[in-house]
Amino acid sequence: MTDPVILPRVQASFDRQTMMQTFGAEMLAAAAGRCVIRAPILPTVRQQQGAGHAALAFGLGDSAAGYSALTLLTDEFEVMTVEMKINLLAPAVGEALEAAGEVVRAGRRITVVRAEVVAIDGHVRRTVALLQGTMIPVAAG
Amino acid sequence: MTDPVILPRVQASFDRQTMMQTFGAEMLAAAAGRCVIRAPILPTVRQQQGAGHAALAFGLGDSAAGYSALTLLTDEFEVMTVEMKINLLAPAVGEALEAAGEVVRAGRRITVVRAEVVAIDGHVRRTVALLQGTMIPVAAG
Amino acid sequence: MTDPVILPRVQASFDRQTMMQTFGAEMLAAAAGRCVIRAPILPTVRQQQGAGHAALAFGLGDSAAGYSALTLLTDEFEVMTVEMKINLLAPAVGEALEAAGEVVRAGRRITVVRAEVVAIDGHVRRTVALLQGTMIPVAAG
Amino acid sequence: MTDPVILPRVQASFDRQTMMQTFGAEMLAAAAGRCVIRAPILPTVRQQQGAGHAALAFGLGDSAAGYSALTLLTDEFEVMTVEMKINLLAPAVGEALEAAGEVVRAGRRITVVRAEVVAIDGHVRRTVALLQGTMIPVAAG
């Protein structure tokens, strides 16, 4: 589903997020209104029982949602998260988390987004978090 | 406001969260129904415009809220986040973020929590995020 | 998609909600993990600009989500809303609102639900609200 | 805490909300960034176990929050709810619900609000819901 024009454009912004580098995250795909981000569950991003921390699931889901919104904007814009709600469905256990974001409604002033975060554990994919929130465009750089 | 019995107990759990170490976070205080966590805005936790990433504000606020809930439970329990809503009020600019969590209502089955995250920039403290969510007790280790 | 055993069981609870009668709401369908509720946008449920009030969209979405959760429980239970997030996408303009609820994850202690609310305006159906939240079982009557 | 200039201005908008009339709601007070709304728990607004419906707590809390935002705007504007999160802390049992809204941060493009809803049962006041959300200004009339 990746778009050869859109992906490099939003990835340039993604690559400036040092948090994503800290998480070892990479952008797998981006197209109009959609974006997929993946990161390993590193030893450095765990909660107290050894699963991936809620901040990891949040960070990947929020970024996938935000870059979904950015795919629909021109180069003068970045987006910022106004608000985000996350429901955590299961512990983030496995090798990696993959977050798929999508635009639900792109408005002139705000964009409503969702994301689903799945844990990948061998051949099993399990949904661990669902996010729903609001993005706002801001002037780039 | 710190309690000499409660703080070491919840800090033992906090110290097992490698994500908090990655963020350079420390628990400043804990008492019945309250917890304060602080972390520098490291070069490694930024968003694309150089401010602290939303996942940092979320992670600190969620942890402060969760450990507030844990202060009210006995040693057999940990808590997990069921859901969390974050409103981001301003960019996380400054040296550090400080998250203050509090229990709004402790129930038998779930605990409702809030947290406020402030950015500390020299002598200025500015609220950058407000969180409201739900914690659930789970059996410890 | 309606189930001839499930629908009458959850409708008996629905019929005791006087708020749903005030809204003129009816349960259109119910099956395992799903429920659809519809109500006219009566002159008595408007906001200041004449569209359906946010409390109408919320009430129908929350009920559709809650009864979706109830379809998966036995007769000894009712469900209560722990928390609910609503994003309003467009004004609720038209003859009626229809809310479709679904269970995202049914757990032993809590159930995560979603709902979509559409406005029906002649032949046009437009999504006006998305809800995501948490239900908890409680002992019936 | 009421302001003799602000109250009549926001009340004029409130009085056009037929939903508030259906709920028997009245605006008790309004001042810069604050608003209080009260309604009886009528027989017509109950859930299946006889308590006030979640849509009542939501509707009063959302309106108190929204009119708090409106107090800070000039006459050319109305506000609409972008999104709202509600945590329900206890059943809405008693004679009346009272919702107190406040602006947390008034921005140029969006306003972040909170509300607390209490049930009044004889001499007892009990918090039954907490709301946190986002309002956006729209052109009036």
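Chains: A, B, C and D, in written order; residue numbering restarts at 1 for each.
The definition used in the following text is that a residue touches a chain if its C-beta (ideal position, glycine included) is under 8 Å from a C-beta of that chain, and two chains touch if they have at least 3 such contacts.
Here the structure is a predicted model, which is why all the values come from computation and not from measurement.
Q: Which chain is most remote from chain A in terms of Cα centres?
A: If we average the C-alpha coordinates per chain, D ends up farthest from chain A.
Q: Does A-C or B-C have the larger number of C-beta pairs in contact?
A: A-C
Q: Please report how many Å separate the Cα centroid of chain A from that of chain B, as a whole number.
A: Inter-chain centre distance comes to 21 Å.
Q: Go ahead and note the Å separation of the Cα centroids belonging to chain B and chain C.
A: Those two chain centres are 33 Å apart.
Q: In whole angstrom, what separates the CA-based centres of chain A and chain C?
A: 29
Q: Give the residues of chain A that touch two or more other chains, as numbers and ranges in rising order.
A: Expected reply: 82-83, 85, 87, 133-134.
Q: Along chain D, where are the residues that touch chain A in the complex?
A: Residues in contact with chain A: 82-83, 85, 109-110, 133-134, 136.
Q: For the complex, give me every residue of chain B touching chain D.
A: So the residues of chain B in touch with chain D come to 85, 87, 89-90, 104-105, 112, 114, 127, 130, 132-134.
Q: Which part of chain B faces chain A closely enough to touch in the complex?
A: Residues of chain B touching chain A: 13-14, 16-19, 21-22, 43-49, 53-56, 58-59, 62-63, 78, 80-88, 91, 141.
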